[in-house]
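Here you go, one structure.
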Amino acid sequence: MWFTLDNLATAHDTHEGAAHSSTGLSNVKLGMWLFLGTECLLFGGLISTYMLYRGRVGTGPRPSQVFDIPFTSVSSFVLLMSSLTMVLAVSAAHKRDDRSTNLWLVITALLGTTFVGGQVYEFTAFYNEGMGFSTSLFSSSFFVLTGFHGVHVTVGIIMLLALRGMLKNNKVPGSRSETVEMIGLYWHFVDIVWIIIFTLIYLIPA
Amino acid sequence: MFTPGSKYLIAITGLSAVSFALYMLLVHPSALGAVALIGLVAATSLITGVALFTRDGHTPEGQTSAATVDTPTPSMWPLIAAAGLSLVLVGTVTTPIVFILGIVAILAALVEWTVQAWSESASGDRSYNEGIRERILNPVEYPILAAVGIAVIIFSFSRVMLAISKDAGAIIFIVAAAVISLVGLLISVRPQLKKSIVSAIAVVAAIGLVGAGIASMGFGMREDLVVAAEEDHYSHQECGAEKSDHFDKGVSETISATSGADATIELLDGKLTAQVQGIEGLQDSITVRRSNPSNIIFRNKDAGEFRLKAYLGKKQIADGVSEDLITCTQLISEGAEQWLTLTINKPSVSGEPYTLSIPGLEGQSIVVVVP
Amino acid sequence: MNHIESTSDAVPQVHMLGRVMRRLKPMVLGAAGTVFLASCASNAPQDTWVPKGPNAQKIDSLQKPVFAVAGIIGVIVAVVVTYSVIKFRDRGQPIPKQSHGNPALEITLTIIPALILAVVGVFTFRTVFDLNKTSDTQMIINVTGQQWWWEYDYPANNEYGITQPIITSGQLVIPVGTKVMLRQTSRDVIHSYWIPALNGKRDAVPGRITINRLEADEPGIYAGQCTEFCGLSHANMRMEAVALSKEDFAKWVSNQLKTYAAPAENTLAKEGETVFLNQCTRCHQVNGLTRADGTPVIAAPDENVWSGAAPNLSHLMSRNTFAGAMFNLVTPECRTDVWKSESLTFGAKYLAGVDEPCLNQTDLRGWLRNAPAMKPMYANPALLAATGGKYRGMPNLGLSESDIEKLVAYLLTLK
Amino acid sequence: MAIIERPVSLEVQPLIVVAPATPSSAMGAVKRPVVTKGWRQWVFTVDHKKLGLMYMATAMFFFLVGGIEAVLIRLQLALPDGKILNADLYNQMFTMHATTMVFLFVMPMAAGFANYFIPLQIGARDVAFPRINAFGFWALLFGGLFINLSWFLGGAADGGWFMYAPNSGPIFSPSHGVDFWTFGLQIAGIASLTGAINLIVTVLNMRAPGMKLMRMPIFTWMILVVQFLLAFAVPVITVALFLLSFQRNFGATFFDVAAGADPLLWQHLFWIFGHPEVYILILPSFGIISEVLPVFSRKPLFGYPFVVFSGAAIGFVGWGVWAHHMFASGLGPVSVAVFSISTMAIAVPTGVKIVNWTLTLWGGKLWFTTAMKFSIGLIVLFTIGGLSGVTHAVAPSDTQQTDTYYIVAHFHYVLFGGAVLGLFSGFYYWWPKMFGKMLNEKLGTWNFWFMVVGMNLTFGPMHILGLQGQPRRMYQWTENRAGEGFFNLGFWNLIASIGSLVLVVGVFLFLVNIYITARNGKVAPLDPWGARSLEWMTSNPPKEHNFDSIPTVHHLDEFFHRKYAEDANGQMQQVATAEQVLKQLEDNADAHIHMPSPSYWPIILAFGLPVTCLGLIYSIPLAIFGGLIILMGTFGWALEPSTAPDSDFDPPSSGDTSKDVVHVG
């Protein structure tokens, strides 16, 4: 999990000695893509677990009894919006427009925070409705999958805010626009994963 | 190697670590004490490390003290330490949360204050001193501040959401997101906007959110959630033919993986049949091993909603009083299936067999044999 | 159409492979084989190369050619490497031409093993489906694994005179020449059922039913062992499959269905029954046993043992083993007598059961005295927090020597 | 340590008005750890060569630990009803033996070789992310120590290295051993993941000019395949381990059958990781011997592209064979047949490799150094392991053989006869490169023969044991099931145990060899073996910055082609010595070489991981504390520039020079 945060660090951990790159991609970008590739398998494993167990509710509530599709649709939309603002931040960074970069980073973080706030609300509501973490196989695999995603979003928010702080204090070593772009990549990935999760968990009836 | 100051701090760190260990081992480890003590260990070890590495209080021979200009900078940490102390006092008589907040504030002040004091004596160059301070503390401050900020926002927001009704929740949610985006848009298209105005908006919004969160906490959760929590809907099943308000709240669904099931019970044309893993053909009885969780699947192929009810004998609850052991699936509609795990601890006796049946459908049952 | 074609294709292949094998057999078995086989134990009870039933036979006739082919290839590689090592060692010859290979040769040497494997693959494919066929099953037995013993229950089956379910453990008894299907599962962890002479192994997975098929050609005892690591006493979880002729099997069934005969009053065995009622029936069921007031005794292993069951001891003395087949219930001499008997006399000897002279008193008494000392089990009363106070195996009951004496006398009556 | 070429004029600071801060007193340890002496140069290093050596030393240590466990296992099984270990301890022993050898010996050893030689082989000065590299090593070390910590805290894991659920659940394995195992593997997994990303980026992005993919040394190729396998296999086991820890520590029921769970989920997740893992273990050694055989045969690897593509093919097909570990678990005939066929299919590319190695020898001019002996030993012994593998790719026979000693024999021939012999070949081949001294060849020959004889004595009889029905993982075997005759199972068990002692002597001889070499070994010439690839185009041991100037690559086997050329008759003739080749590089040395500076943060960050995990097992506040260390490490890292600013260096006049200034050119 923490590794995603570490990408912030890798973002400028390039080895300066190697000015050329055999593939044309920068080391950081190539590394980030690889990392996202490994993340695909992580979520793949979790999603498979959920798909296997989603019908096994024991005496607990079933998915359709607790899911609040309108609400989750709205929160998914919010997360998608944040991808848009992230794009704005990256493009501002490429234009070396510090003010806009900062602004859109914060807005993205706020939208992400809204999403996570919604998730915390959703979890609390589920808990009150009788679906705790260990109630059934369905609930455990649901909480693990969406919880992992939530943690990824939270890590992303911390990265965004930290990046904002570093930009302000002029502490980003290496290329600014590339650092913003890297965090953008991560953020988009997390959003895409959510689209898949949302479709598989909430929309396709089990 | 060790300066007098660092020796003293090493001793304090060691003592706090020992007390933490003793506390965890001997006293019943509660979150409160453990957090306080582990926080103390963390803070003192950090300060000790700084003292050791900066060689504070030790002037190497042949070098003059670096600091020549001594101008104390204004600091907020004394104030925070004092506030923390009062929180601790309040906390001891009220709730542990306040106590912990106080402890955290005191420890934070302790660390920040010490490091600041040290860094200021490092040289006469103030920006250089600030650089040293940042190098030590920025890695700690950045993530903690970000995490605390996020946590406060998320927590307040989720409390608000819990307090209002479901529909209003979704609306509030989208309104909040829209407002955030619009404000962002507004600021970005108006570059001449004053920084103070932007800050003011942010502060007002933050205070408003936290205020609303606290208010919602006081208000509590919305009614249906409170009711749901109190009634604990899902802990008792209602196995009749009728729909239960809570147990059968949703629509039915299918099971994603059926490979592990021992038997599949099917309702087709008003007839109940069993298909048993490994045995060809339809059965009217299944053999379930004693004390062994056996997974069966109930599949409804008839029009209408039915549930499968398992009667698993009687349980002695007092002398002469016994109650039926019953478990069941929910009401599922045509084409749906549901999983049921049976664990039967006592062998079936002839004359009073265990059965699987459909409430509201007479004359159809599957005998469960437990050897 | 395809189907017909593929079968007709496969037939010559069988012949071809068979022919090749027949020609190679003397060579392979003659050279490496003799050395290898001569260096093997004779009569190892779990030998995988000595099939005694059609299922194991199918596996055997598939694997022996594969072993032969693998052996030949191994020898070829070893010879070529040895030859190169001797031939091309540095004798001061000039540095060889820096050739980067020979694609034609390379492709040839890729295709040859691929073809060999394709042929093996075809036969594997057929055997896999052949072994998994269940439609011709003649008898079903439910097998349940538990730490660290196996329980067998025979569902009612009029064809074999099983009017009521039979429960036994330690030794699986099957009729000869009958296609028996084991429906396996487990009460706790994954176990694996394996009688090498009759078939390959098949896991018993909790929450699932797995199918295993056995058929024995001739009467006898076939040894086996749990092969999926199942915890502390995995090494001691053994089993034996006893194949009886159909007539003998009928006799065995009728003996298992015999009603309980209480020991005569004022005998040691009767006192043993009392001890049994007080101590053993907490977990062990003996069908038909009643309390003094005439109510039937239903053991409650689910309240005392984590996995929920304990061996049913009705007709204990009709078995040759106890404690998950870790120990023999008979003395070594009597055991050898049964194991080594001709297939004609085997049935009678086995059905005679265990009587006092043959009883393995040492192990049985040791077991009653302190079971956990004889077989590692989680049976320390102080360490049962994780399981809510339930044991995972038989605890030390702290029986007095006289109680043990009585119990042994009683157990001997459970024929 | 950090080699930074700076104009000398900058080192004398211009006058400073306020009293100057002397970094040594004001910054203390807060400055970058730029010392070149003592333990600090190792603990805070980011140099791929130092990290490679530390990986190897760590792996060697765990090899000895795993070896002791193995010997205890064999002593227990030497005689029937062994009494040396009790059942509980035996179960811990075989679990930890496998875990140690797989995760803490072979993988880190391969990682060590990869770390040391990949940048050298592709003509780079370091890996792509040096600090992540350092972090990976520390995480591995702490993870390994963390797992072994359980020996002293109530017993190690006892569920087998495959840790099948539900036997690994809280009920069936009540000690904390499995918790330590799960968390320790998570930590080691993080190390593998970071290492994989790092090395892939390094190989793909940092090759010397002219080094196309098909000109890369075969070792680099195999490591590249391995890192891809790791990058995609580790996340799967991460999921499985998370599920297991959630079940053990937080009340989830992922493998609890009474809640309706399916225990086979664990098996699928584990083997989707576990089978690629097998290739992760063996491919580095394939790479090593594919370097060694051509060098000592004096001719290029036969069919280089075939070896490359077969390696890649193994990497791909390796994902489609996992269920052959589960043939006995009742998958159903269709899955069994399909996985049986795919398993046979993977034997083909493996066979291609054996063919190519053999044909590399064919027509060569063979020089039997110890490295060469180990490589030839690998060809023969691995072939035996590979062929016994084919016999149980045949699913029906596998149902007879799986979980018996036949399987133990099979994978020890693959992993000892394959992976370990390859690694030893690598030691003898590259020792002069790493340490500038030659390992004693005579002792090396003894080492080789003891190991080969020992391994055949130990694992050879296991074929017979398994085929005659002795299952694995039994803490005792009984004479009742051992058969009759002189050559019964008891005899072979005894032989196997004696063989393990012969093996011990072999490994001991290697340690003696290291000791003797370190004391007064022969100083290695620049090119002791007449090698062919780039790592030999620099001094022994290599300089901090590897190459004075980055060579431009024109051929596969670039170094060889710089030394030799065909004359008019088509005969290879030496045209330059190694010294001349090196001189040429030195003459064209780069003027500015910037190397990344050492850092505290990798080790701090890595240290946070075991603290957090210990906290998750014993007390949540400790976990929070560990989490804070991790956060602090990450942010300290992120805020730190890759190359230290000047103020972090002591003035050179202070005597304790913390900074090398390399004047090149």
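Note that the chains are named A, B, C and D in the order they appear, and that numbering of residues resets to 1 at the start of each chain.
What we mean here is this: contacts are C-beta pairs under 8 Å (C-beta built on N, C-alpha and C of every residue); 3 or more make two chains touch, one makes a residue touch a chain.
As the structure is a computational prediction, the values presented were derived from the model and not from experiment.
Contact counts per chain pair peak at C-D.
Rounded to whole angstrom, the centroid-to-centroid distance between chain A and chain C, based on C-alpha atoms, equals 51 Å.
Chain geometry summary: the mean Cα position of chain B and that of chain C are 48 Å apart.
The distance from the centre of chain A to the centre of chain D, each centre being the mean of the chain's C-alpha atoms, comes to 32 Å.
Taking each chain's centre as the average of its CA atoms, chain A and chain B sit 18 Å apart.
Counting partner chains per residue, chain A shows two or more touched chains at residues 52-53, 56, 58, 162, 171. Residue positions of chain D touching 2 or more other chains, listed in rising order: 257, 259-262, 264, 332, 631, 634-635, 637, 639.
Within chain B, the positions touching two or more other chains are listed as 138, 142-143, 147, 257, 259-260, 293, 295, 339, 341, 343. Working note: touching chain pairs come out as A-B, A-D, B-C, B-D, C-D. Across the complex, chain B meets chain A through its residues 138, 142-143, 146-147, 149-150, 153-158, 161-162, 166-167, 169-170, 173-174, 176-177, 180-181, 183-184, 187-188, 191, 221, 225-226, 228-229, 232-235, 237, 249-251, 253-257, 330, 337-339, 341.
Interface residues of chain A, counted against chain D in their complex, comprise 2-3, 5-6, 8-18, 20-23, 25-27, 30-31, 34-35, 37-42, 44-46, 49, 52-53, 56, 58, 133-134, 136-137, 140-141, 144, 162, 166, 171, 173-174. Those residues of chain D that touch chain A in the complex are listed here as 124-132, 190, 193-194, 196-198, 200-201, 204-207, 209, 211, 231-232, 234-236, 238-240, 242-243, 246, 250-254, 259-262, 265, 269, 545, 593-596, 601, 605, 630-631, 634-635, 637-643. Those residues of chain C that touch chain D in the shared complex are 36, 38-49, 56, 58-59, 62-63, 66-67, 70-71, 73-74, 77-78, 80-81, 84-85, 88-90, 93-103, 105-106, 109-110, 113-114, 117, 120-121, 124-125, 127-129, 131-132, 147, 188-190, 192, 194, 196, 199-203, 205-208, 210-211, 223, 225-236, 238, 306, 328, 376, 378, 383, 385-387.
Contact residues on chain B toward chain D in their complex (touch as defined above): 24, 29, 31, 34-35, 37-38, 41-42, 49-50, 52-55, 59-60, 63-64, 66-69, 122-125, 128, 132, 135-136, 138-140, 142-144, 147, 257, 259-260, 293, 295, 339, 341, 343.
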